[in-house]
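As C-alpha cells, here come the structures.
Two complexes come next, and they have one chain in common, chain A, joined by chain B in the first and chain C in the second.
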Partner chain A sequence: MKWKYVTPLLLLAALAAAPQFLPRFHTYILAIVLLTGLLATSLNLAIGFGGIYQFHHAVFYGVGAYGTALVLTRTQLPAPVGLMAGPVAAAALSLVMGVICVRLSKLYFGMLQISLGSLVWATVYRWYSFTGGDNGIPGVPVPGWIASSESAYYYTLAVTTLSMLALYRIVGSPFGKVLQGIRDNPVRSDAIGIDVKAHKLTALVIAGFFGGVAGSLFVVIDTSVFPDMMFWTYSLEVLIMCLLGGMYTFFGPLVGSSILVLLRTYVSIHIPYWHLCLGIILTLVIVFLPEGVLGYAARRFRPKEGRLA
Partner chain B sequence: MGLSRTTILFIVSSGLSLILGVLRIPNIAHGSLYMIGAFSAYSVISFLGGGGFAFWAAMVVAPLIVAAIGFVMERGFFSYLYEREHLMLLLLTFSFALIIGDLVKILWGTEYRSITAPGFMQGSAEVFGLPIPYYNLFLLLVGPVIAVFLWLVVNRTKIGKISRAAAVDAEMVSAVGINVGWVFAFTFVLGCFLAGLGGALIAPMTSISLGMDHSLIMEAFLIVIMGGLGNIWGALLGSLIFGLAQSLGILAWPQFGIVFPYLAVVVVLTFRPKGLLRSAW
Partner chain C sequence: MLKVESVVKSFGGFKAVNGARLHVEKGEIVAVIGPNGAGKTTLFNLITGHLLPDSGRIRFKGRGIEGIAPHILCRKGISRSFQVVNIFPRLSVFENVQIAVLARERKTFRIFSPVRNMAAEEVHEILRNVGLYGERDVEGDLLSHGDQKVLEIAVALGGKPELLILDEPTAGMGPKETERCIRLIKKLSDESGLTILFCEHDIGLVFEIADRIMVMVRGGTVIQGRSEEVRRNREVQEAYLGEAGEC
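And now, the complex of A and B:
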C-alpha cells in the first residue's frame, strides 16, 4: 500500500469510530461538517479547478434538499427515489442555468447566476402551498434505516466518502486536466480545439449534482429544509470555506468548511457576534493567506513541489 | 411609492456603479454603508431633536460619516489590493459587510427605528387624482439632480476625466504623472457618499432595521449589471426597469411580486449580456 493513502484512511477510520465516543450533538455537528465539506468541494470543482465564477452555489444545495424533502413528504415514492431526486433536480437546474450563463465571463457570469438563483430562491420563499414558503418544511419523514442519528451519520459518511472519491477522480481525469487548462488559459484552450463551453457546462452540472447530494444529506441529518439554505449570503459563506482552505488544492475546501462549521458552532455558544468574527477571519485570510490554509501548508512544507508548480 | 423607491435605488446603485466601473471593486459592503447612512440619519435627528434643521443636518452629516468610513476602507485596505482577482475583492468587501452588520447591531441595537419627515414635507399633493406624499415628490426631485450632478462630475471636471481614463488603463494614467491612488480614493469616497445619502433619504420612508443592507445590495448589484458597469445613465435605466418590474409585479400577482425584478434582469442579460448601455469596461 502506498504511503499517501495512510492519512485519508486513518482519518476515515477515526470518523467511522467517532459516534461510538461522541455525544449526539457532536455527532450531528460532525455530520454537518462532512456534508458542508462535500458542498464546498463541489463548488471548488467549478471555481477552483474550472475558474468559473459560481457565485450562487447554495441554490443547488437548496434545490437538492427541497427535491428530496418534497418527494419524501408529498409523494408515496420509495425513499431511495427521494434521496436521488434532490441531486438530479439540482443537476438539471444547473444545466438550465449553465446554458443561460455559460457564454458570459467572470463577473457577468456570477451576477447572472446570482439573479437566476435569486429567482429560484424567491419562488421557493413565496410558494407557501408547495414549498412551505419562509417556514420551510419541518419534520421530513426520513425512512427508518437512516432515521436514528447514528445511522444517519453513517449514511452521510458513506455518501460523502464516495462523492469525494468521485470528485477526486474527476479532478485527476483527462477532463479535469482540460478544465484546469481552460481556467489558466481559455483562449489557448479554444485555439487548440477544446470545446470550452461544453467543458465548463459539464463542470457546472457535476458541481450542481454534488451540491444537490450535500443538500439531500442535510435533509437526512436535520429532517428539515428552509429557504435560507439557498440565500445568496450562504453561497458566499461556502465560497469563504473554499478560500480559507485553499482553492487550488483538492482537500482545501474540506479543511476550510470544517474550520468554519466548528468555529461557528462553538463561537456562537459564547458570543452573539459570529459575523463579526467571520468578517475579521476572512479579512485576515485575504490579506495574509490568499492561497488558503492548505495552499500555504503545501508551499511551506514542500518547497520543492511548490517551485515546480 | 414605486417611483420614490426607484430614486433611492438609483442613488445607491449609481455609487456602486461608479466604484465598480472605475476601481473594479464589486463592493458588497455598499449595502452596509447604506444601512449606516440610515442609522446615522436617525441618530443625528434624534440628537438634534427633530424639526427642519435636524432633517437637513442629517441629510448632510450622515453621508459624510459614511464617506469617512469609505475613505478609511479604501486607504486602509483596497489601495493595497487592486492587483488581486475580483473574487478576492468581492470576498473582502463581503467580510466588511459582515463586520459592519454586527457593529451596527452593537452600536444601535436590534430594535426597529423610525424617523418622520419634517413638518413642511408631511401631507400630500393630488397628482392625477392620486394622493402623493410631499416627501416622495421631494425624492423625485432629488434623483434627477443627483444624476445630472454625477454626469457633470464624471464628464466635465478634470478629476472625472482622469477617473474615466484610469478605469480604462490605470497604469498609463499613472505613467503620465497623475496620482491614480488619490483619484481612486476620491471615486470610492464619492460612491460611498452616495450610499450614505441613499440611506439617509430612505430613513423617513421605512423603518430602519438590521438586514436592510442584504435586500438592497443584491438589487443594486443587479441594477448596475443590467445597466452596464460604470454607466450613470445605465444605473438610472436599470433602476427604472427594476422598480417598475417590482411595482407592476406586486400589482399583477401579489404572492410572487418579488420574482419579477429578477426575471427582468434575466431577460435583459440573456439578450444583452454586457448590460443595456455601454459599460466602462
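And now, the complex of A and C:
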C-alpha cells in the first residue's frame, strides 16, 4: 500500500532539485514538460475517462494563456487575479461550447468543437487591437515573485502538482467512476438514473479549467502568448500525447507529453523534419502499443490491476 | 401499478406496437410472450422511456409517463435490464452495481470524495443476493454470458426499483443458467415483494413463474390473464403455442 507513493515522491523530489543542477534552458524545458503534462491530463479526463471526443482542447489552453496575459498587460488588477482569470475564462468558454456541443455524439461532437474552437482562434488571430493578432502578446509583465526562471519553475511545479492531485481525486470519486461508466455505456448509464449530458458537461468544464491552468502557467514560464497555442493542429498534438502515453491510465498522458516535448526539443535541433518523426512515432504506437506506453507497462508488469496505474 | 392502454408505435410504415394493452399490479410477476417480432422489446422501450409512443397512454402509479427521459423514470422507480448484454465492460462487477447505487443516492456529482468503499455494504448485499459476490472484483467483460445477464439484473436492482423490467433475461443462456436465472426472478419476487415484468421465449418457464401472462402478436394484445386462461385461449394456441416448435 505505502509503496505506491514511493515513485511519485521520488519523482517530485527529483523535480524539486532539478533547477539546482540544470542549466536555465533545461529548467525552462522541464517546466514546459510539466505544464504540457497537465494539459494532456486535463484533456484525458474528457477523452480517456469520459469518452468525449474533445478534439480541440488547445482552445482552452490558449484562452487560459490569453486570459492571464491580457489581465496582466491591460489592467491594473493584482497579479493573482490575472493568474486565475485565464483558467476561469477557459472554464466559462468550455461551458458555453459544451452546452452547444454536448447533445451531439462522438465524431459530430468533435467536428462541431473544432469549428467553434477555430472561430475562437480566428478571432484571436485577427483582433490586432485587443489580442495583438498574429504577433501575440510578447513580454507579459509577470509579477516579481515568479519572474526569475527558477521561481517560475517552482511555481509551475507547485501548481501542476496540486492540479494533478485534484484531477487524480476527481478520477477516483463517484463522479469519476460514473464518467467511466458513461464512456463504456451511455445507454445503460441513462437507464440507471444518470443524467448523461449533465455529467459530460461537468467533465468538459473541469477539463477546460485545468487546460486553462496549463495555459496560465505557460504565460508565467514564457512571458508571451501567441495564437498558434490554440490552433487546431496543436490540439491534435495533445491528443497524440494521450494516445502515446495511454488513455486508460491516469499518468499516461503525462508520460506521453514528456516524451513528445523532449523529442520535439532535442530532435528538432538535429533534424528539421519534426512532424515526420511525430508521424512515425504515432504509427509505431498505434501498431505496437495500442494502449500506450504506460498502458502497455501496466498490462505487462501488473496484469491484474493497473487500470489507474 | 403499471397500466398501458392502446399504445401505438410505428417505424416508417411498420406498426411495431399496435394497440397493446398491459396491466401490472403491485407485487406480481407478469410475463409478456409472443413470437419474434411481436413488438415485446419495443413495448418495453416505450415503457422505460427509450421510445416515445405515437398514441396511447402509459401510466405508472396513476401518472402518465410517456416521453419522460429514462434517467428520470429510473428515479421514479422503474429499473430495467436489456435483451442484449448491456453492462459496463471495463468496470468490475462491484463497480457495475456501485454506479447504479450511487446514481440512485444522487451522489454522482461528488467530485472529491474517494469512491472506493462507497455504498459497499448495499452493493455486497445485492451481489450476494444474485450470487455474484465471489466474482465482485472481476471485470464485467470477463464474466461468462450467463453471469453477465445476471449482472444486468444486479445493476437494475442497484436502483432499488419498485418495478423491475427484464427484457428476455435468459436470452442466449444454457438450460442450467436459465434455471438459475428463473429461480433468481422468483426469489426476488418472493423475498422483496418486487413487481416484475419480463418477456421470455421459453413458454414452459413462463407458465411456471408468472402470476399473469400477456400474449402479444403483431404489436397487439391477444389476451392477458392467468396462465390457465391463456393456455385455454384458442387464438393463443393458433397464433403462438401452435408454432411453439419453431422456438
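Operating definition for what follows: the second predicted complex is superposed on the first by the 304 of 309 C-alpha atoms of A that agree within 3 Å, B and C clash if a C-alpha of one lies under 4 Å from a C-alpha of the other, contacts with A are read in each partner's own complex, and residues count from 1 in each chain.
Here is the rule we go by: a contact is a pair of C-beta atoms (placed from the backbone, for glycine too) under 8 Å apart; a residue touches a chain by one contact, two chains touch by 3 or more.
If you're wondering where the values come from, they're calculated on a predicted model, not measured in any experiment.
Student: May I ask you to decide whether A:R126 touches chain B, chain C, both, or neither, giving the answer as first, second, both or neither?
Tutor: After superposing on A, A:R126 lies in contact with chain B but is clear of chain C.
Student: Based on the superposed arrangement, let me know which partner A:V99 touches: chain B (first), chain C (second), both, or neither?
Tutor: Touch partners of A:V99: none, neither chain B nor chain C.
Student: In the superposed arrangement, does A:R188 touch chain B (first), chain C (second), both or neither?
Tutor: Touch status of A:R188: second partner only.
Student: Just checking: does A:A147 make contact with chain B only, chain C only, both, or neither of them? Give me first, second, both or neither.
Tutor: neither
Student: Of the partners chain B and chain C, which touch A:L162 in the superposed model: first, second, both, neither?
Tutor: neither
Student: Of the two partner chains, chain B (first) and chain C (second), which one does A:L243 touch, if any: first, second, both, or neither?
Tutor: First partner only, chain B.
Student: Does chain A have more residues touched by chain B or by chain C?
Tutor: Here the partner covering more residues of chain A is B.
Student: Determine, under the contact definition given at the top, whether A:Y108 touches first (chain B), second (chain C), both, or neither.
Tutor: A:Y108 contacts chain B only, not chain C.
Student: Have a look at where A:G279 lands relative to chain B and chain C in the superposition and call it first, second, both or neither.
Tutor: The first partner, chain B, only.
Student: Which residues of chain B touch chain A in the complex?
Tutor: 26, 28, 77, 80-81, 84, 86-88, 91-92, 94-99, 101-103, 105-106, 214, 218, 221-222, 225, 255-256, 258-259, 262-263, 265-266, 269-270, 273-274
Student: Touching chain C in the complex: which residues of chain A?
Tutor: 166, 169-170, 172-178, 180-181, 184-185, 187-196, 199, 202, 206, 248, 307
Student: Report the residues of chain C in contact with chain A in the complex, numbered from low to high.
Tutor: Interface residues on the chain C side: 48, 50, 69-72, 74-75, 79-80, 82, 86-91, 95, 98-100, 102-104, 107-116, 118, 155-156, 158-159.
Student: Contact residues on chain A for chain B in the complex?
Tutor: 47, 53, 100, 103-104, 106-108, 111-112, 114-116, 118-119, 122-123, 125-128, 232-233, 236, 239-240, 243, 273, 275-276, 278-280, 282-283, 286-287, 290
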